[in-house]
Amino acid sequence: MDSKLSILVALGLCFAILFDADSAAAQIYGGGSGSQTRQSRYRSPQCQLQRLQAIQPNRRIDAEGGFTEIWEQYNYDQLDCAGTSVSRTTIRSNGLYLPVYSNAARLTYVVEGECVQSEVIPGCPETYQAFQQPGQQYRGSAAGEQQQQGSRADEHQKVRRLKRGDIVATPPGFVQWFYNDGNTDVVLVTLLDTANSQNQLDNQDRGFFLAGNPQRAQEPREAEQKQGAEVNYNNIFSGFADEILQEVLGTSRETVERVKGRNDYRGHIILVRHGLEMIKPLRYQEEEQQRHQFTNGFEETICTARLRENMANPARADVYNPQAGYIRNVNRLNLPVLGYLYLSAERGVLYRNAIYAPHWNLYSHSIIYATGGSARVQIVGNQQRQSLFDGQLRQGQMIVVPQNFAVTAQAGSNGFEWISFKTGNNAISQSLAGKTSVLRGLPVDMLASMYQISRQEALKIKYNRGDELAIFPSRLSSSTCNDKKSKA
Amino acid sequence: MDSKLSILVALGLCFAILFDADSAAAQIYGGGSGSQTRQSRYRSPQCQLQRLQAIQPNRRIDAEGGFTEIWEQYNYDQLDCAGTSVSRTTIRSNGLYLPVYSNAARLTYVVEGECVQSEVIPGCPETYQAFQQPGQQYRGSAAGEQQQQGSRADEHQKVRRLKRGDIVATPPGFVQWFYNDGNTDVVLVTLLDTANSQNQLDNQDRGFFLAGNPQRAQEPREAEQKQGAEVNYNNIFSGFADEILQEVLGTSRETVERVKGRNDYRGHIILVRHGLEMIKPLRYQEEEQQRHQFTNGFEETICTARLRENMANPARADVYNPQAGYIRNVNRLNLPVLGYLYLSAERGVLYRNAIYAPHWNLYSHSIIYATGGSARVQIVGNQQRQSLFDGQLRQGQMIVVPQNFAVTAQAGSNGFEWISFKTGNNAISQSLAGKTSVLRGLPVDMLASMYQISRQEALKIKYNRGDELAIFPSRLSSSTCNDKKSKA
Amino acid sequence: MDSKLSILVALGLCFAILFDADSAAAQIYGGGSGSQTRQSRYRSPQCQLQRLQAIQPNRRIDAEGGFTEIWEQYNYDQLDCAGTSVSRTTIRSNGLYLPVYSNAARLTYVVEGECVQSEVIPGCPETYQAFQQPGQQYRGSAAGEQQQQGSRADEHQKVRRLKRGDIVATPPGFVQWFYNDGNTDVVLVTLLDTANSQNQLDNQDRGFFLAGNPQRAQEPREAEQKQGAEVNYNNIFSGFADEILQEVLGTSRETVERVKGRNDYRGHIILVRHGLEMIKPLRYQEEEQQRHQFTNGFEETICTARLRENMANPARADVYNPQAGYIRNVNRLNLPVLGYLYLSAERGVLYRNAIYAPHWNLYSHSIIYATGGSARVQIVGNQQRQSLFDGQLRQGQMIVVPQNFAVTAQAGSNGFEWISFKTGNNAISQSLAGKTSVLRGLPVDMLASMYQISRQEALKIKYNRGDELAIFPSRLSSSTCNDKKSKA
C-alpha cells in the first residue's frame, strides 16, 4: 500500500468523524452524538388505544394578527399516549408571531404562504449586521429623524425565509418568532413535543413570550375547561419587579410597563402597522444557493446549524412512483438537528386511488396531518381483530398511528397529501407488502404452512407486487373502491 | 518515530473507531454508540419491594405445537418494578412459533433442545438463496408438480441454528420465529423487556403475529383476569380490509381469508405436518466456524450483526473455580447488539454447597431463572434488617434482585445452575467478600473502628478469603449447611 | 501538503478522539460519551409549581459524631418536581461518616471545614499502599503489639482531602465515606439525585451502609411521618445469615455479629476515639499540584478519574465583575465525571446590592442553596403574571428554580453567596439583559413593535447595559433597594 494513499485514507477517515457537525452541535442542543439515535421519551403510564378518531383542534386562540388552533394532548388519548400536542397557526399579512420559547421541541411545517422566521440561539453572535457605508443610509432604519440616537446600525441573529413545504426545527428553550412579510396568510402546522428528553418538567407545554399579555388574549373556544385548557403561556417579564427591570434594561419605568405588556390586548400575534424593517434574505432561492456554494464541512457549527429543509419538491422524493405518488423523509441524516430533537417527518402525496402499503413504524409514533385531499385510513392495533380506525382522514384533520401499530391509506378521488411527524429520528418502518415486505424475508414453505395455502399461493403473496415500493397504484377499478368507501 | 510506523498507528487507531460495528449498527437498532452505556428505562413510579418470592408462571397459553407460560409483570410486584415480563416456551418437534414482533426487547435463552430461528431485519436483503443449477432440482421445493410456477428458487433472510446454552437478542419491532426441526422438545426462557427505551408505548407487551388467530387460541389459565391478562397479541393482517390486502398482496380473496387467519385455531405455535423446507445451516458447528474464519471487521454491518452467543461452554467462563463452579457473562463487549438493547446476561453454575459471594449490581436489576438444581438465596433490601428473601430457588422458578440490593446464593446438594437477565449493558457488580471485596478498598483501621473490632480481626475480614473471586467452595461441613437449610 | 505534517495531523486528530478520557470512563460510569449531553431523567408526572418557597430541612438524623438534616423530595413539591433531595451534614472532629452507597447520584459541596473522603470504585486496585522499609515502622499501624499478625502493610483505594469550596461527585452505587481529621466541624451540602438515569428503582433514596445500625439511630425530627420519612437506609450485612458471612469473610461468629452492627447505637456518623490511621495526602495543596504536574492525558482512566473540583477561588471565576461579584461553573468540561452524572453546579458571590440578571436555564432545574448572606429572589412561572416567588433567600435556606422559569436575585446589604446544583451537564442559560441578552438577538424594529415603544427606546433596552454580563452592580441608591425589600 502506498504511503501517501494510506495517509489520505487515514485523514479521510478521521475527517469523516471530526467534521461531522455532530459533536459541535451537541454542545448546544444538549443532544446525543450523531450516531446516537436513542429515544428516551417520557412515556404515558397507560395508553388508551381502544379507539382512534380523525380529530379537529379542540381550542382556538385569537389575536390581532391571526389565530392558533390547538389539538391538546390532555384532550385526546391518542396525543396523550404520544406525548405531543399539535397546533395550526394562521398569520395574516404583516402579522408578527411574538418571540416565544417553551419546554416543547417543535417541528413546524409551512402549509401555506411565505414568511420570515428566526430562532435566537443562546450565546451565539448577532451575525445579521447592517453596515453603514459613508454617505449611505442604513436600510434597516425606518426614518431619518431617528438618525442622532438611532444611527447605530442594527444587528441581530440569523433570519430565514420560509415557504410552502418547508419544515423548521426548534429545540426546546430556544426563542422563536415568525413574521409574515407577504400579502397572503401563512398557515403553519406545528408538532409540540413535550415528551422530548430535554424537558425535565411534566408534560404540560409551559411557554414564555418575550412580550405581550397572553393571559388576557387567550380564551377557550368552548366552555368546557379541561386540565390543559388553562393559560399556560406568560410574558416572561411580567412577574419581575419594575425596579429590577428598570436597572437591568437601563431604561425608564414607562418602558418597563410596556415591556411587561400589562395593557397590551393584541394577543400572541400582533399586526405591524407599517411593516417591519430587519436584515433579512431577499429571496428564498438565493439563501438556498448560498448555502450550497460555500459548503465545506466547517459551517455547520453550533450557531449556524441548519434548522430548515424543504419537503415539497418531488424531484427530491425518496420514494417515487409516477402512477402512485411520492414520499419524502426528513431525518437526522438530511437535517442533522433532528438527531438531537429525536424527531423526523414524512411528506407524502398519493394520486387518485393510490395505496400506501400496510406498514408499521418500529421506533416512533406517527402523527399524521392531512394537508390536502382525503384518504381512507385503516389502523390495526394489538387487542382486537377489527381495525382501530377505518375511515376518512380529510384535509385539516389529524390522527396518531401508535408505534408498532399497522397502518394503510388509500387516496380518495382527489388524491391525498399529508405531513407526518414522527417521534423518533430513526423512524424505520417495515412494510407488509411490496419490494421490502416482511413476507419476503420468510421462507416460502413457512408462508404456506402459516397461512395453510399452497406453495404457489405463497409465492404469489411473496413476489406478486414485489417490484413496487411503499406506494402502489390501484389495480382495481376506482368504482369498486368508492363502493367500499361509501359503505364505510 | 518511523513514518511508516506512524501511518500504521494512525490508521490503526482510526480503524479502531470506524470498524467498530457500532455506528453502522446504531442506524438500525436505534441504539446509542458503543461507548454509550446509558440506561434510560421506563421506571415504575413506586416499587413495592417489602417482600420477595421465588415465583412460578401465572399464565399458560396452549397451542397445537407447544405452549408458553408467562410471568406477567402486572401480576408480580418484583417484575413490575423491573419493567419486564418473563416467558417460558416449549416447542414440540416440527412446531413453528409463528413470526411475531412486539414492543419488548427480548433475550431468549435455550434451556433444552435445538431449533432454527430467524429475525427479519427491515431493509436487509434476503441473503439465504437457493441457486438452481442446470439439471438440478431445487432442494427447497416441496414437490415436482409446482415446477412451472413454483420453479422460482426461494430466498429469505438469515436463519440461525440455536442449541442448549445459546442466548439470542431481539430488538423491539423485529419479527422473529422459531422452528423445532429436531426430535425433542425445545424449551426457551425469554426476558420481555417493555421498559426498554425504544418502547414509546406504555409497559404492556403489545405484540403482532404475522399469521394465525391469537385472539382465539389464548385462554387464561385461571379465572382471575388481571389487567395484563387480556389478549394483547393480534394477527397484524386481521384488521385490514380484504380488498386492500387483495391488492397489495396481489392475491385472491380466498388467500386473504387465510392470511387473516379467521378460522385458524392452531394457536401461536403450529405443527408443520411434513416438516419445513428452507435454506438453513446444516450443523451448528459449521456456522460458528465460518464466522471465525472470515472475521475481518467488515462483516458486522447492520444486516449481518451477530445476535447469538453460546454461554454453556465452561472453557469460556469469565470466573472459574474448579472447587466452586463458573460464571459466564454476555454483554455489549462480546455481543455488541446488547449495547443497543441495554441488556446483558449471566450464566452460572455452582457445585454442591458452593457459595456465590454477597454482592450488589450497580446499574441493573437481575432477573434470575433457575435452570437446574436449587440454591438457598438471600436478598437484603434497604428498609429492614431481616432479609427480603431467604429461601430456596428451585429449577423452573425465578426471582428478581433489585438494583443495588445485596444477594448471595449457596448451592444445594445437587448444585445450582441459573441464567440471570440483567437490565443494563454494563451490569457492574460489587462484591462484599473475596478478591474484589469493597472491604479491601477501605483502610484497615477504619474497618476496626466501624465494626468495633481489633486491627487483627479487621485484617482477617479484609484478606482471609482474598484470593477467591465471586464464587467460593464451602469450608464448613456440608451437613452444617443442610441443617441450616432444613431449618429455613 | 508535506507527508510528515499530514501524519502528524492524522495522528493528532485521532488522538483528540481516543485520548479523550470519555470512552474509557464510560465503561464504568455507565454514562454516555463526552459529547453526549442528553438528559433522560425520571420526570414527575405532574409538577405542582403554583407557589415556591425558601425552605428549611424537614428532618434531622442525629448520630454520635454529627448529624444530617434533609430536605426530602416527598415533603416539598418543588423538590418532587426536580426529582432530587438535598441534605446538610455536620461532622464533628474525629467523626467518620460510615461508608455508604445509594441509588442517588450525589454532588457534595463543602460549606465549612476540611476532611478526608474516598469513593470505592468497583474493580479498581488499592493504589494507596504503605510500603514497609527495613527497620522502619509502618506509620499506618496503630500499635507495636499487633506486629506479628498485623505486620501486613495496609493498602486501600484513593483518599482525597476536601476543603471549603470543594465539590465532589459520586456516581450512584459507589461507596463513599468522609472522615473529619481536623479540629473544627465540617459542613457538607449534598444534592441527592434519584431522578438520574442510572437509577432503575423508584424515586426513593434507597441506601446501604457497610456498617452500623441506621434503623436504630435514625429518628424523625417531628411526629408527622410522611411517605419518605421511613428509614430507608440499612446495614447491607444485616440481613445475611451469620454462617454465610462467617464463611465468605473467613472470620468468627463474634466478628460477624459486630459487622452486622446489631448492638451498635452510634448512628451513621461515629466518633473515632484515638483518630484514624490511613494513607492519606498530607496537605491539600500538594495533591493539587501533583495532579497538574503529571497531566499527560493518560491518567484520566476509569480508576483515577477526577471527582473533585474547587469552586471557591475567585481567580478561576467564569464571570467576574469587580463591582458586582463572580460566578464559577463546574460542568462536564472541567470535571468530566459530570458528563456521566448529567449534573453540574454554579458557585456565585454577589456583593452588596448587586443583581444577578434575569435569566432562564434551558436544560436543567437549578437547586439554589444559600451559603452566606441573603438576596431578594424573584422567580417567574408560566401560569400567572405575578412572580411565583418574591422574597428573601437567607443563609441555610434553599429553593428550586424549575427549568425554563425565569429568575433574578439582588443581594442584600451583606452580599449573597450560593451554590446552585443543576440537573443537567450542559446547563445553558439565556439572559434577559446585558451582553448576552436574548433581546440583542432580535431586530430593533421588532422590539419597538412588540413593546409599542420608539426605536430609540428599543435601542436603549437592547444596548444600554450591553457591556455587562450576567451580574450587574446596582446603579440605584442602596436605600431604594432596602425600601423595596422591607416592603416585601
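Note that the chains take the letters A, B and C in the order they are written out, and that residue 1 is the start of every chain.
The working rule: a contact is a pair of C-beta atoms (placed from the backbone, for glycine too) under 8 Å apart; a residue touches a chain by one contact, two chains touch by 3 or more.
None of the values given here were measured: they were computed from a predicted structure.
*Asks:* Please classify the inter-chain touch graph. Allowed labels: line, ring, star, complete, other.
*Replies:* Topology of touching chains reads as complete, every chain touching all others.
*Asks:* Chain B and chain A are one sequence twice: same or different residues at the contact, by the over-half rule?
*Replies:* Different: when the shared numbers are divided by all numbers used, the fraction is under half.
*Asks:* With centres defined as the mean C-alpha position, give me the chain A-chain B separation in Å.
*Replies:* Spacing between the chain centres: roughly 38 Å.
*Asks:* Any chance you could list the residues of chain B touching two or more other chains?
*Replies:* Within chain B, the residues that touch at least two other chains are 3, 7, 10, 14, 17, 32-33, 36, 38, 40, 45, 197.
*Asks:* Going by the contact rule at the top, pick out the chain B residues touching chain A in the complex.
*Replies:* Result: residues 3-4, 7-8, 10-11, 14-15, 17-18, 22-23, 26-28, 30-33, 36, 38, 40, 42, 45, 96, 98-99, 101-103, 118, 120-124, 126, 140-143, 146, 149-150, 152, 154, 156-157, 159, 172-175, 177, 179, 197-204, 206-208, 210-213, 215, 230-241, 243-245, 247-252, 255, 258-259, 261-262, 264, 270, 272, 276-279 of chain B touch chain A.
*Asks:* Taking the touch rule as given, give the residues of chain A at its contact with chain B in the complex, in rising order.
*Replies:* 3, 6-7, 9-10, 13-14, 16-17, 32-33, 35-41, 43-47, 81-83, 197, 355, 357-358, 360, 362-365, 378-388, 390, 402-404, 406, 408, 410, 423-424, 426, 428-430, 432-434, 436, 438-446, 449-457, 459-461, 463-465, 472, 474-476, 480-481, 484
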